[in-house]
Amino acid sequence: MDYWIVGLLMDSHLTINPFIHQSIHPSIHYPKQMMLNFKTTEDTVNREVVILGVGMTRGGEHWGKSLRQLFVEAALAAIDDAGVDRIGSMYIGCMSSGLFNGQEHIASLMADYLGQKHVPATRVESACASGGAALRMGFMEVLSGLNEVVLVGGVEKMTDVSTDGATYALSTAADQTYESFYGVTFPGLYAMIARAHMHRYGTTRKQLAEVAVKNHLHGSMNPFAQYRQKITVDEVIHSTAVADPLNILDCSPITDGASAVILCSREIAKKFANGNPSLREKPLVKITGSGQATDTIALHSRQDITELRAVAEAAQQAYKMAGKKPGDIHLAEVHDCFTIAEICVLEALGVAEKGQGGKAAESGYTALGGRMPVNTSGGLKAKGHPVGATGVAQAVEIVHQLRGEAGDRQVKNARVGLTQNMGGTGGSCVVHIMEAL
Amino acid sequence: MDYWIVGLLMDSHLTINPFIHQSIHPSIHYPKQMMLNFKTTEDTVNREVVILGVGMTRGGEHWGKSLRQLFVEAALAAIDDAGVDRIGSMYIGCMSSGLFNGQEHIASLMADYLGQKHVPATRVESACASGGAALRMGFMEVLSGLNEVVLVGGVEKMTDVSTDGATYALSTAADQTYESFYGVTFPGLYAMIARAHMHRYGTTRKQLAEVAVKNHLHGSMNPFAQYRQKITVDEVIHSTAVADPLNILDCSPITDGASAVILCSREIAKKFANGNPSLREKPLVKITGSGQATDTIALHSRQDITELRAVAEAAQQAYKMAGKKPGDIHLAEVHDCFTIAEICVLEALGVAEKGQGGKAAESGYTALGGRMPVNTSGGLKAKGHPVGATGVAQAVEIVHQLRGEAGDRQVKNARVGLTQNMGGTGGSCVVHIMEAL
Amino acid sequence: MITPAEYVREIPAHHRLEAGRCKKCRKIYYPARQVCPECQAREFEPLSLPREGKIVTFTVIRVAPSQFSDQAPYAMGIVEVQPGVRLLTQVVDCDLDKIEIGMPVSLEFRKIQEDGEKGVLAYGVKAVPR
Amino acid sequence: MITPAEYVREIPAHHRLEAGRCKKCRKIYYPARQVCPECQAREFEPLSLPREGKIVTFTVIRVAPSQFSDQAPYAMGIVEVQPGVRLLTQVVDCDLDKIEIGMPVSLEFRKIQEDGEKGVLAYGVKAVPR
């Protein structure tokens, strides 16, 4: 607790976060081979990857729209925003169109319905980190030089099945044989993380609630958010119990939605931006860091239940590639599938000291106007959590912010943003760092 | 029919296939942007990607082994074959662990159970082309420089559900709303391709059967094949009708299985090979071409029911990258999910003239000892078709052949191999060309 | 086995054969689309497909999915209702051995399947040889 | 909702708490594994876990999956049976308000769930506070 300093007291994005030195704590050892293999972009390729356009549907219960319609709507918005007329390849993040919609092979389906005849397309799945993983594939493809204009989308249509059907589909992100089999739900798994965190670090019920309150406040300013009403700590604490200590207002909703971004090399981007007046006046947004890691799929297999090692690993890779430290980040979109998740993620990202993440929302540190606004979009909690689309939607928000297009929720002087997307209880994680050029 | 010349008459792998000039027929127009974006490896990066090790389980009904056990078994075999002790990242091709096993998020599950703590891992899905798509991701990652040693695996455990459950899971590779809804099965869709091909080109029932007979003959020499018994044309023609004109012996089986390869840059490969006596004496196998494309998901949306445009597109990309023509290929593993599929694929690859693919197996052209042996492994038909693993298993066979490790089914002087893996009725396709260095 | 929600959304296409014609290149798509794969235009005008066509290719399904097993064996065909405009459907009310490529058919409104678990009856068209 | 085949394969682990100890680094894994994530060794010796442990963390599930809904609300906990060796299970036969982190429990053989559709009864262990 001694290490926590309210971030609001700091006056500039450029001051170094004083927590940094302890923030990536020494117990994290990176596998030797990974470090050996890992090289920064500069070492290996001279291509720079830019996000040229973004688009998304509003999160919600889109009864009238099919899986393919949702995806195409978001993809067309991104294509229009970028001003490209053709794409070279596609990646689609989607967790379980098989269980939600009885439809696999959506790479073919979506390329077809997007009218992109014969374009290479690949679906990527990593549970709720599917969108982030797809983004990394697109980043990698532009780096590799195989294609120069790549569309990365994410989609999930979750309301075509009953709540029980959706609960089942989501449970397949956990170890089906050693977790779900015994009757646990995802709220239940995160509730156990919350209980352990409260017990060990003194995190309070109110601190959990503050995360939801903050994200709903942010969401109230986002026209793409599923929920735009503000909520209070009292409402969260007295909302329906789901899995103690988590209530319904600690949980992200079941959402239909899609999102998309257009990636290309910086050289190509310059050409497009020159021909597109609306882009010419805005900064280009470059992906400067990408990291990905895994952890045990079963929560109980981890040495420390409260520690998200995959998040810490992925973040470390992304920081290293971008040449940034946690204190250099101006704003972040993180995976607040449950209120406790945002708390543990901030710790794993090195934004908060281990055990001190509970104070971030409570102190205003992560609110709009705070030292480091987190989830200005409303996060998964208020913007909605169409699981496979979430990782891409995070990038959409960061691009809007870095371009200065975020309206009422604009973070001033935002030039460096981070996205953090995870699957299951943190069994997989993808982190990206984006900068305005 | 005039164009067909029995391949056996040609005496050398190095003579140019006389069909080439007409084989990629002029009606295929590649989208402008794709051609614009597409660059050969040489243009863009100087990394060369090598398959350092391979491994697979035998295809079959592995009642006693779980999804994770099957995958780990194949992955360990590949790791041992390559002689690496650690991997930098993983890709896993899997079509529908959600519907077959109630388990998504297998990237986390498999990295965990393979003992590769925190390694980045991504699952890739493109129906029955999932394995090929995963292979392309691994290829791309090595090209991009993000990681230098990448494991690409594929897995499917299909016998944990009833045959009806498996039929349903497989049907999700078709357009669920406009194909499966009306009662069609995958054998039914391919049967309609077969009927159209027979009607237009005079392809015979016997020619279809010859594909299965050849592949069972090849499979009889492969210790990893699910079926090792030889079959006759008569047996195929009189086997149980599934969807006219296709019988049960025209269809690949339901299979549990996994396969894996280790990819790395050529520089790294040399270091490993020097330290590994068994590798030092064998040629390194390099991926010299990679292509991927899509087509309409619904068969009835295609202008020509008998033409696999995604296969032709993907092949064209791979040929261009490798600087090869169809006649330069010494052997191929192609997607014979049904006998008619191999026929149409050979036409799309430019190995046979359009409409003449039916003669390939019948004439011995594609048999072991023929001009261009196809599916020496036994193909999907005899080796088995664990859908998500198939694309990777194809690479395993080509590597064994190019290294001269294929035993009784060894193709003499094989130095250039091709793999072709497709999803659905050809809604997605991935082609790779591999060469012995 | 499509979800009831997906079935309801697609009723105009399944029941009334509603399609879309690209306003730019005039190509007709069934079902209607948001983007034209030929010309990338995004404006379409609705139209209903004719209910007569001919068989492009066909099969007889002898091993059927469970919800269709009481109908097996049954024929399925790709039916062309206008040049280049096709759909997939069952071919019924005829001798399965007499179906031929090129055969003219009418598309009639019929029950397609029952979802046993949820009790939903789903309808669409089936082809009847003329 | 695991398949009956998966249930049968994993009976030694679920019923008898069979685990594996890495022959090289001695770390114990539940369930048994093929590779040790700590030392990459591939040889393990089987052992059965002790049936007593303590609660590491817990929750009370109030919104349950359908096949567990008749049991809700019910408690679930992560139970440590040896330093670093843990499993997830229900915590039963106690006042839900009295469960605490660190509480000693016994692991008893119980019915876990019924698969209504296939009629399979599945068994495993549940934790009972001592």
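Read from first to last, the chains carry the letters A, B, C and D; within each, the first residue is number 1.
We adopt the following convention: a residue touches a chain if its C-beta (ideal position, glycine included) is under 8 Å from a C-beta of that chain, and two chains touch if they have at least 3 such contacts.
What you see is a predicted model, and the numbers here were worked out from it, not measured in a lab.
Colleague: Just how many steps, at minimum, does a route from chain A to chain C need if it may pass only between touching chains?
Modeller: 1
Colleague: What is the chain whose Cα centre is as far as it gets from that of chain C?
Modeller: Chain D.
Colleague: For chain B and chain C, what's the span in angstrom between their mean Cα positions?
Modeller: 31
Colleague: Once you find the CA centre of chain C and the CA centre of chain D, what distance in Å lies between them?
Modeller: Centres of chain C and chain D (C-alpha means) sit 50 Å apart.
Colleague: For chain B and chain D, what's the span in angstrom between their mean Cα positions?
Modeller: 40
Colleague: Can you list the chain C residues in contact with two or more other chains?
Modeller: 1-2, 6, 10
Colleague: Would you give the residues of chain A that are in contact with at least 2 other chains, written as numbers and ranges?
Modeller: Residues 66, 85, 101-102, 112, 116-117, 168, 176-177, 180, 298, 301.
Colleague: Please output the residues of chain D touching chain B within their complex, sorted ascending.
Modeller: 1-3, 5-6, 9-10, 33-38, 40, 42
Colleague: What residues of chain A sit close enough to touch chain D in their complex?
Modeller: Residue positions touching the partner: 164, 167-168, 171, 176-185, 187-188, 191-193, 195-196, 199, 240-246, 298-301, 303, 305.
Colleague: Hey, which residues of chain B end up touching chain D in the complex?
Modeller: 63-66, 69, 72-73, 76, 85, 101-102, 112-117, 159-161
Colleague: Which residues, counting only chain D, touch chain A once they are in their complex?
Modeller: The touching residues are 1-2, 6-7, 10, 13-14, 31, 56-66, 68, 71, 74, 76-78, 84, 86-90, 101, 112-113, 122, 124.
Colleague: If you look only at chain B, which of its residues touch chain A in the complex?
Modeller: Residues 30-34, 37-39, 43-45, 66, 85-89, 95-96, 98-99, 101-105, 107-109, 111-112, 116-127, 133, 136-137, 140-141, 143-149, 168-169, 172-177, 180, 290-298, 301, 309-310, 313-314, 423-424, 427-428.
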